[in-house]
Structure formats: C-alpha cells, structure tokens
Amino acid sequence: MTIPETTQLAGRKRARANNWAKSVLRFLVIIITTYLGLLAVTFFIGRVIPIDPVLAVLGDRAPAHVVERTRELMGFNKPLYIQFFIYVRDALTGNFGTSVLTTNPVMTDIRRVFPATLELATFGTIIGSLFGVPLGVLAAVKRGSIADQIVRVVGLVGYSVPIFWLALLSLLLFYAKLRWVAYPGRIDIVYEYSFTPVTGLYLLDSFWQGQWDVFRDVFRHIILPAGLLGYFSLAYISRMTRSFMLNELGQEYIVAARAKGLSETRIIWGHALRNAAVPLVTVIALSYAGLLEGSVLAETVFAWPGLGLYITNSLQNADMNAVLGGTIVIGSVFIAINILSDLLYRTLDPRTRAR
Amino acid sequence: MSTMLTVDDLRVSFPTRTGLIEAVRGVSFTLGRERLGIVGESGSGKSQTGRAIMGLTPAHAKISANKLNFDGIDLLTAPAKTRRALRGSRIAMILQDPKYSLNPVMSIGRQIVETLRTHESVSKREARDRAIAMLEAVQIRDAARVFDLHPHEVSGGMGQRAMIAMMLIAGPELLVADEPTSALDVTVQLEVLGILDKLVSERGMGLIFISHDLRLVSSFCDRVIVMYAGKIVEELAASDLGNAKHPYTQGLLNCMPTLGTNRHPLPVLDRQPEWAL
Amino acid sequence: MNEIRQATSQSAPMTHRQWLMSDRPQSRLQARLGRAYMTWQRFSANRLAVAGLCIILLLILIAIFADVLAPHSPVIGNLGGARLLPPGSGGYLLGTDDQGRDILSRLLHGSRLTLLVIVLVAIIAAPIGLLVGAISGYAGGWVDAVLMRMTDIFLAFPKLVLALAFVAAMGPGIENAILAIAITSWPPYARIARAETLSVRNSDYIAAVRLMGASPFRIVLRHVMPMCVSSLIVRVTLDMAGIILTAAGLGFLGLGAQPPLPEWGAMIASGRRFILDQWWVATMPGIAILIVSLGFNLLGDGLRDALDPRESGQ
C-alpha cells in the first residue's frame, strides 16, 4: 500500500512482459517438440519398421544394382541418426520424396489435392457448428424434454455409425434414388476444362468469378459429403455444447442475471453461451481436425479428389513416400489447429488474457 | 409505515426421486420500508424465501402461498413478464460471492449498464455516465478504470461493491441481500456493510437481510426473523434480542464467545425434534 | 462370506439389502460389495445403459456360440445357386453376398473379430497408458515433463491417419491393425492415470506406505495404479466404439482383416460395388457395427454416470 501507484503499475507491466515472453517461449517449445515428434514417428514408420525401406519404395522385383544405387541415393547406408537429420531437413523444406504412383514430387501432389480436402472439411465444420451449437443450447435449456432426447439420440448415432457406411447409404438415397445431388466427384466433366480455379477452393473460386452454373454444379457435388461430415461434427459439437451450457446455466452469475430482470433469451445467448464459447472454441477446432481425418474415409466413397483419397490410393499401391508425406501434412495441420485454438481461447477468456 | 411486501403462508418444495422436500413451510411476514433480518442455519429455508420473493425459484420446484404481494401486485399470479420487469427495477438481490455471481467474461461496466438499459431506455453515453456515478456511489475511487475491468481483476470487496452497484442502479424499492458479506474478508465486511447501510437509508429502500450471523443481523436490522427447518420459530425486534424466548434462538446466541470471560467448552446446540414440527 | 453374514446377523436379523447398504461394514469385503451394489443401483436406474450392457452381453454370447448359431458357413458360399439373394429368400435371413455366402452367418462369426480387436486393443493400450500416467504423476519433475510431452505429442496426431501409415508399413492384416490402433490410443489413458495419481500422490495413506519403507515401484504398482482403474475403465469403455469404428475403417480400406475373414468393415467394402442394386450386402454389416458401437457408447455413458455421480447431475 505504501508503494506509489505508478511504480506498482510499471512493475506489473514488466511482470506482464516477462510472462508474455515466457509463454511465447513455452509455445515455441511445444510447437518444435510436437513437430519433431511427428517427424520421428513417421521416420520410424517409413525407415525402421520396413525390413528394407528401399524394397518398400521400389518393390521387390527391382534389379539388384538399382536397389544398391537407390540405397546410396536415399542415404540408407548412413547411420540412422544422420538419416533422421537428413529426413528432418528435407521435411522442413517440404521435400517428401517422389511418389511412385504419380512420379511427381509428393509435395506437388499434395499441393494439388489439399484444397479439395480443406474445402470439404471447412464446409462440414461450418454446417456442424451452425446446427450443432443451437441444438446443444436447446437441449441444455430444455433439459429432459423430448427435444433433449432427440438431440441426444442424434448425437449418439453420430458417435456410433461408421462414416463410410453412412456415406454409401446416403449416396444410394440422395444420388441414386432421389437424384437430389450430383454423382460422386467434385465437379461435372463439362466444367472441368472450362473452369480455372485460383485458390483450389471451387466454391469460392466460382463465386468470385461469377460463374453461377459452375457454382451450382460444385455445390451439388459438395453438399452431400460436406453434409455428412457436418453431421459427425454436429454430433460432437451439440453434445459438448449441451454439457458446457448445463454447467454455465447452473452458475451463480446466471441467478444474478435473472435478478437483474434480463430476458431468458439474453441470459442464454448473451451470458451463458458467451461463457460456454470459451471451451467450445477448442471443441470446434478439434472437430475440424477430426473432419480432416474423417475425410480420408469419406473421400474414398465420394471419389473426392482430396488428400484422403490420395493417401488411400497410395496405400493401396504401397507408395510409402506419398503416405508419409500426407501423414505429415495432416499432422502439421493438426498441430496448427491446436495452436490456433489455444490462441483463440486466450483471447476469448479475459482470465487468461491478463496473466 | 406502509406495507410494501406481504408474505402469508409461503411454501416452497422440491420434488426429488425420494419424495417431496419442503424447503419453506409456511412463512409469513410483512415488510415496509425497513430492514428485516432473516437468520437461520444452512438449509433453514432462508435463501429459498428470498428467492421466492424474487421469483427465482427453480422451475421444477413447487411454490404456494395464501398471499405473496408486492405493492399491490400479486406475485404468484403475475405473468412471467411482469415479474421480470419487477426484477432489477423494483426488487433487486445481492448474492453471496462476487467471484461467482459476476459474469467472468463481461466487463464490470457492461454488466452494470446492462441492468440499466434493460429497464430504462437511455443512451449508451448516459448509461455509461450513470454506471460510473453508481460505482462512485459505492465508494470505488477510480470508477472510470474499474468500469472497464473484468471481475477477476478486482478484489472480493470491490467485486461485491460492483455487485451492489449493478443491482441498485435502476433504483429498486426492495433489496434482498443473501449473505452479502459472508464470502468477504472480515476486514472488508464492515466496509461493504457500511456502504449498503448508507445506500439503503439514503434511498429509503426496504431490505431483507439474509444471514446466518445473528449478531451481525441484529446490529444491522430493525427486526429479526429466526428460521429453523423451513419455519419461522421467532420474530422479534433487533433491540429485543436478549429476551429471545425460543430455545433455538437462545442457543444461537449462547454459541457466541464473549471477550473477557472464560467459556470452556462453548455450548453446542441441543436440537429438539419438536422445533421442526 | 457366510461367516461374516452370520456374525452380523447374530445381533439382529438382516436382509441382504440391509447388509449391503450398511453404513458400518464389518469387513473389507462387505464394504466393497456394498459399494458395488450402490453403483449397480445407480447404473440399473438408467434404462439406456442397461440396454447397452445387454447389447454387449449379447455380442459376447454370439461370439461364443457363433458356430452353433450360424445356419451356414461363413466362408464357403453357394456360388452356383445363391449369389446376391435378397433378405429372406431361400432360408437366407439377411440375404447372401456376391460369393453366395450367408450374410447372417458371416455377421455372427464377425462378432468374434470385433471382440478380438477391442479386447486386444484394451489389453495393450490401457496398461501402457496406466503405467506412463502413474509413473509420470508419481515421479513428477523432469520425468513427468518428458513423459507428458510425449503423450501430448501423440495426442496432437491424427489417430486414424497414423494408424493407416503404421499398417501400410507393417503390412495389412488384423494383427497389425490391432497393434496400430493400440499404439495410437494409449495417450488419453496416460492423461487420466496421471490426473488420478496426482490426486492421491500427496495423500496420507501414500505417505504412510512410504514411511513403512515401500519402494517407489511398489507404491506405484500396488497403491497408486489401483486408484486409477475405475476412471480408466470408463474411458476405455467409451473409447470402444471409436476403436470398433477405426478397425472397421481399416477393414473397409482393405488394411484390416483379409478375405475371406468375415470382418464387418471389409464386408461393407465388398458390398460397395453392389450398393445400387443389392443394397443389403453393404447395409447389414453396417447395422451390426452401428448396434455394437451404440451399445458401448450407452454402456460407457451409464458407467460414467454411475461411478461419478457428480457428472450425471440429478
């Protein structure tokens, strides 16, 4: 109390800057170790598990001199830790080797297919959040009612159903029987050559270029797979929203808000959901990451030319470079999403902001 | 003194899996522009009495009374909209712990402004000015700065003052204070009580002061109601506390250690089953 | 147990229920049984959870008696006269697949594979997680930091994709699929075990054991790990559905069980070609997967609510 207020403030500022530096450092350590861990695991999968990684790349019918030459070229005659060092260096520069299947550098392939997956997962997450959050709020507010039960069942089924199976059945119903949506694929052959995408996100590109017939066609292709992924994300998001909202609605500040005479609408959406939004951000980010992964299975069914289809095609052809490259890219996106959600969490919750 | 609030045979009960639990069992009193203390241990029904008056009884609870009347309005039959309009503007409530009763992700200023703008149509500018004036009225020095702070950035005493500001800004006539100082440090308790005392008398409000602390209540209120197991066991003037007849009240009073006398061991309440009948 | 009952019933005759509900248990056994009884009471009040339990019990029974229950061979079909028959025709209750095999019989036998996958994954992954978490929580310091960093790294990975890569490297097959799933599913268990360990580490009874000269190894093994088991069981049960779905996904991609094994995911994959005209070939196995994972989800929810009343609300 005897310390003048200005000095106190300066001290606090310095402490805050110090804390900030510390948390940035902690963040960097987490990013670096996680990424190194990812590379170590993929290195282990690609170079240690196979009895002979060269054979794994070339296939076992390659002539002996080719095998030897490749062994030297790939550096497999060097000690393991040097191999790992080279592996990390290559991965950091985006060099994942060449795909046996397409004969392109893996990175080139991934750059081509990744936007398709990104568009699908993003659209799916938007659908999932747009419906999942209100449903979860409804279930929490009307706890024990019919609506709550329905939301619960919808969520439970979403947790329990195989995605590829539901994808098949939905194709059967909405494409084959009802003809509501377009056939599997991303875009009609008619447009495949007349339409030049810029970002690779077809919905965005066609919208930007004002090509409405393309936009409509792309939409008719994406709506079913995105809707399906959206359902899985909805199941998760609505369930978590319900539980967060129940927790918030039981808090004392809700009683205080009622005592102030606020309307229920304002209390639910302005107070309770605003607080539930803090952990919800993490949930939505996790579900987004989950959809990127779920697209591996969904894409094979919908013939969606994304990263998932690329990985499964490579799997079937024992194209390890492509598989591992795809794994590293999805893993990197996971790490990035985790970091982003952490940052968003901090900005949403004033309690973590001050420290 | 005109009667503002009439409570006659108020009952609140909660259905549970094992049967009906009656939290309040026939409480009756009237209140003018005075300070009424309600004292009792946890589970005695004092908080539920306060919440019933506010209209904050949980939805699954059953509530009944011969009469529950505020300024000519029958609270039991009044539509939810009317009751909501009353809350915050004419009847307000202060909760126990500002750590939990203030919204953690909303700045203190916005929470105060929110009360005001719910009940009066004022411009943003004016609402802000009045909120800062209200913060000054609860003796917060740097009111403009505190206006922008979040609840976790202020101390418990300051938080409770902000709570008082939030609840009194729309000028209510009746205030229910549910253990308003129990969660605070002893040193700031008196400070907050002093502020509350001043505002209540300046504005001529009626006050229902709910507490488990008999001494505190008797020094602060005009009249005291003692509750036990959902019922009023004794009602008396605060100055008349020494003449308490009910053994429960006497017991509560005797539990207090006094300076200068050696009282070992302190007497313990010897509960009689017939008190709860 | 009889002795105990006699001992207590000498003073006053007691029903089984009273004996179980007694708040002054005479023996450790009685206390344990009493607690189990109360848990069961809470659990059985939840009808959906009981339904889940029934589904799982049914799955186990079917797996045991698949040979008796299956009307046809799961692997040898009637290629000549019974290809792609619709449900109900010619004594094939759920129809036949493209090789004339009875789908019902394949589903019944497939329950063994499903059960094998979840049991093995649980047996491999849960102890790894338990050990890592308990050591990490009990040791603290840099051991904790390193182990938890490792756990977090694994948690940050895409599980399915990593499992795919593992199987791709090790070669397709049900054993490798099980291993791959187990390797990617231990981290959450380590987290739970660590949290439980931290909550008991500084308790008095651990201090007492330490004073009696128990080695850290013994403390972790005998006194810390048992405390983590109940919350771990709940988590494993809740994860079972996910494990089944992952295994089915691997099977669907041709990386899990190999033909002619009647694995449900692989059955969906083989029915995929006929989905437009012979819908039942792909639909039936999917329903089986849905029912079983639904069963585990219901059971897991019920267990969590029964073992941890705080979470369940009213």
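Chains here go by letter, A, B and C, matching the order in which they are written, and residues are numbered from 1 within each.
Simple rule for what comes next: a residue touches a chain if its C-beta (ideal position, glycine included) is under 8 Å from a C-beta of that chain, and two chains touch if they have at least 3 such contacts.
No experiment lies behind these values; they were computed from the predicted model shown.
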| item | value |
| --- | --- |
| Centroid comparison with chain C (C-alpha atoms), farthest chain | B |
| Pair of chains with maximal C-beta contact number | A-C |
| Averaged-CA centre spacing for the pair chain C and chain B, given as whole angstrom | 51 |
| Distance from chain C to chain A - Cα centre to Cα centre, in angstrom | 26 |
| For chain A paired with chain B, centre-to-centre distance based on mean C-alpha positions, whole Å | 50 |
| Complex contacts: residues of chain B adjacent to chain A | 54, 56, 84-89, 92-93, 95-97, 100-106, 114-115, 118-119, 150, 152-153, 163, 166-167, 170 |
| Residues of chain A defined as touching chain C within the complex | 30, 33-34, 37-38, 41-42, 45-46, 49-50, 56, 156-157, 159-166, 168-169, 171-172, 176, 246, 289, 292-294, 296-297, 300-301, 311-312, 315-316, 318, 320, 323-324, 326-327, 330-331, 334-335, 338 |
| Sites on chain A touched by chain B in the complex | 251-253, 255-263, 266, 271, 274-275, 278, 348-351, 354 |
| List of chain C residues in touch with chain A within their complex | 149-150, 152-154, 156-162, 164-166, 168-170, 241, 245, 248-249, 252-255, 265, 268, 272, 275-276, 279, 282-283, 285-286, 289-290, 293-294, 296-298, 313 |
